[in-house]
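Pasting the structures here.
Next come two complexes, and both contain chain A; in the first it sits with chain B, in the second with chain C.
Here is the complex of A and B:
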């Protein structure tokens, strides 16, 4: 099951050139672009591992593509995303976020039912991937 | 649908359109002397323009190697020309942003194991889409210390120069003879650099012209006696150690302005007009210790100077 998170996730995977153009858009708007990776695709997992520092003062997006490819060398089997942080006063949040790399197989999520008080049932989801310990997931 | 290649191109129109003419004209107007450099840049611009046209017609596909080396003595305008070069490459579409990142060994080489690679990569990333200017590049290579981290920086640099040719242009700069030795011991660099440009020293009249240009930019001027003194100053300064062409001239002028301000302050009895505020006179320049034999003479007398005298000395160069 293909993970649909962030922007462009219903489109075909982005090429390096697509990544460059999108990252350039973020840079031109004055947002700090950074690269992050994870092997826990749960939608509420907001804080992924950082790949290097956010790129505050790189005027050209070629640097972003360069870092994405460096990250792929190390974490090619995990999810990698590019995010753009807007630090302008009154905003201070993520403006863009899109996945640029995904594992070869994505096992998807299962529905977990928990019996609660009375006959009520609580629902949650769990990725099949996280049944394995960290580092052995994909 | 395939895009048919154009079959002919108007080079003159392309020249106009790209704005290269403006850069070249600016180069001619703002830089004094440096004729060989200017002609090399004109040639390079022509080559790149033709190359661009060839690529548009489908005759050439590879990005030409654009890495350069600028050799010459200090203060001969290498950084200034590098700025113009970045602008030129940007207008011709060879770099996307056209900014110049100036670094030296300290910015590339780390202090402990594992520090160099991230540091070098950080700088390279910053320079992507523009021009990376490495001043005194030969300091990267220190043959006397085989554990020197400079070698690591060189390797990363070479790799990126080769693999990311579309993303950045590297300009190495430094003194001629030391650059030659640097290239001799790093053949990888020599083969990756297509354009070697030599910067000659300025002649005395050129330096005088430059000094007037610098003052003009700051709304100062020299009177006739001061101009004569400046010409003598330049001739005398050239024979002394650590002469750095235009940079020495700029420093001399900064100190002359200091003395002028001091003089006005001490002399002024009433209101001062614009003319006097912007006029640098002969004594402002003559007070320089260059006329008294320069730094070395001062060092010899230095022991006898009290602290106050030393301060005055510093202000007087």
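Here is the complex of A and C:
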């Protein structure tokens, strides 16, 4: 299973130069780029761990690639994403988000069905990885 | 313009019993400067032969506000000067003889706050059947901020929709389930599952899928949600399917929407034909229940398509942004349905911008401030395929749902392959655009390169490489680039 979150997850894995080019696009649009990681890839896990603050005043995407690689040294077995934040009025949210690192194996998600009244089913999805405690996954 | 340009009369003569020209009754005020709080409507009028354009414009102002066909003394019990709509400007339509643009201003107190039904009962009420006109078209409206603020606006809006779906930086992808009629619930859910697992964000009921003998609505909702959740587990993404809750009564629509909510759907859908009040009610329900609201514009072409008569879609778009839907179909430019690029750009701007400056080339006649109402997500649907991705991204931008129905389900190697082809084409095109490539001119190369590592995309490009719909549009902006004629 390949986690398909992020705007480029159907393309081949991005090289460091690809990451730099995309991060530079964000910077050139005035967006703050940041690096985040997680070992809980549930699609509604909004708050991945922050690898430092968003790089608000950074003009050079090489610094983003540097931070991605620093993050990989410590969290290389987890998911790492690059996001770009746009503070302009009427948006004030994320503009870009793409995965730049994955665990070696991605076990995927279990779909749990709870049969309810009538023929209704209550669905829950859960990453197989989160059965282990935080830090011991992947 | 003629003998009526100075229509003021003394009150005694004005209110004597009998019939007066509308212009003389005070509905033509060439010196009037619209107030910031006035609603302004721009009509294209085609007077009957021998009817003066100014008198026709005044008649439209009259019939869409306070007037009746004869003088009534009871006007004098009211502040009638205020309540009278005022035609203040009449211009010949460039290159169209016998047609005129009439600008009419309405005092804000003529309208009930927060009611599209009330607004439209005046503006497109009796006046459209008025005999002295051959044809009448509502081209555009300026809605004052004071009035905009009385409406809820889109229940969710583009930004929060993206946050809920966890999808940023690329257009959303969808597909309408086909065939649109006849599938059983079980078979229908199969299409949903395959398309979502293959890479789409959304699938969609068509406008006329409600609850028919071949598939009752509960069956559809149950199988569709099984498909949505299976696809979500298979990809780790939030997925959705527009469950169409359109029905014969509000009670039934609420019941269907509640069931969709209980099953965990992120989105429900309604059709334009349910009417403005029903749309506003569903928008309020959607806001109260954290639900994205998709509106299919079923029926609009009966009144939006002809250039001389009806209501422009840009006006419908403005009303729907006020009414509070999140998604609305707005044309593809390159697909099978009506839409020239300049006009379609005007629609998209109305959906997505905080402020629309006047842009005659796009059919936008007024500056319009949206006063922080949420933005609507345009939906591009109808005869589009992966091979057009560079054109779609260039024309339509990033905040749009691209819906490939036939372009997904018609893929020679199946629905999942069709969905994957579309998603790969989309991501490759966005990547290339961000990297600074000229996607308009290099689009085909970019797709070909992406297809090297994606067989389904190569198959899609081979099958649909020659499909295009190049017909002249029936509706395009009429403007002359010389300011003294057009504005």
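General remarks:
One rule holds in what follows: the second predicted complex is superposed on the first by the 135 of 138 C-alpha atoms of A that agree within 3 Å, B and C clash if a C-alpha of one lies under 4 Å from a C-alpha of the other, contacts with A are read in each partner's own complex, and residues count from 1 in each chain.
Rule of thumb we're sticking to: a contact is a pair of C-beta atoms (placed from the backbone, for glycine too) under 8 Å apart; a residue touches a chain by one contact, two chains touch by 3 or more.
The structure displayed is predicted, hence computed values, not measured ones.
With chain A as the common reference, chain B sits beside chain C without any clash.
Once the two complexes are laid over each other on the shared chain, residue contacts for A:97 go to chain C alone; chain B is not touched. Shared-chain residue A:66: touches chain B; no touch with chain C.
Judged by the touch definition given at the top, the superposed model places A:11 against chain C, while chain B stays out of reach. Using the contact criterion defined above for the overlaid structures, shared-chain residue A:3 touches chain C, although it does not reach chain B. On the chain A superposition, the C-alpha centres give an angle at chain A of 100° between chain B and chain C, rounded to a multiple of 10. Shared-chain residue A:57: touches chain B; no touch with chain C. Once the two complexes are overlaid on the shared chain, A:87 sits clear of chain B and of chain C alike.
Between chain B and chain C, more residues of chain A are touched by C. When the two structures are aligned on their common chain, the gap between the nearest CA atoms of chain B and chain C comes to 14 Å. Per the touch definition, chain A reaches chain C in the complex via residues 1, 3-5, 7-12, 18, 21-22, 25, 41-44, 46, 83-84, 89-98, 108-111, 119-123, 125, 127.
Interface residues of chain A, counted against chain B in their complex, comprise 52, 55, 57-63, 66-67. Residues of chain B touching chain A in their complex: 96-97, 99, 118, 124-126, 128-130, 164, 166-168.
In the complex of the two chains, the chain C residues touching chain A come out as 159, 162-163, 166-170, 199, 218, 222, 225-226, 229-230, 232-238, 262-264, 354, 372, 375, 420, 423-424, 427-428, 430-431, 434-436, 450, 453-454.
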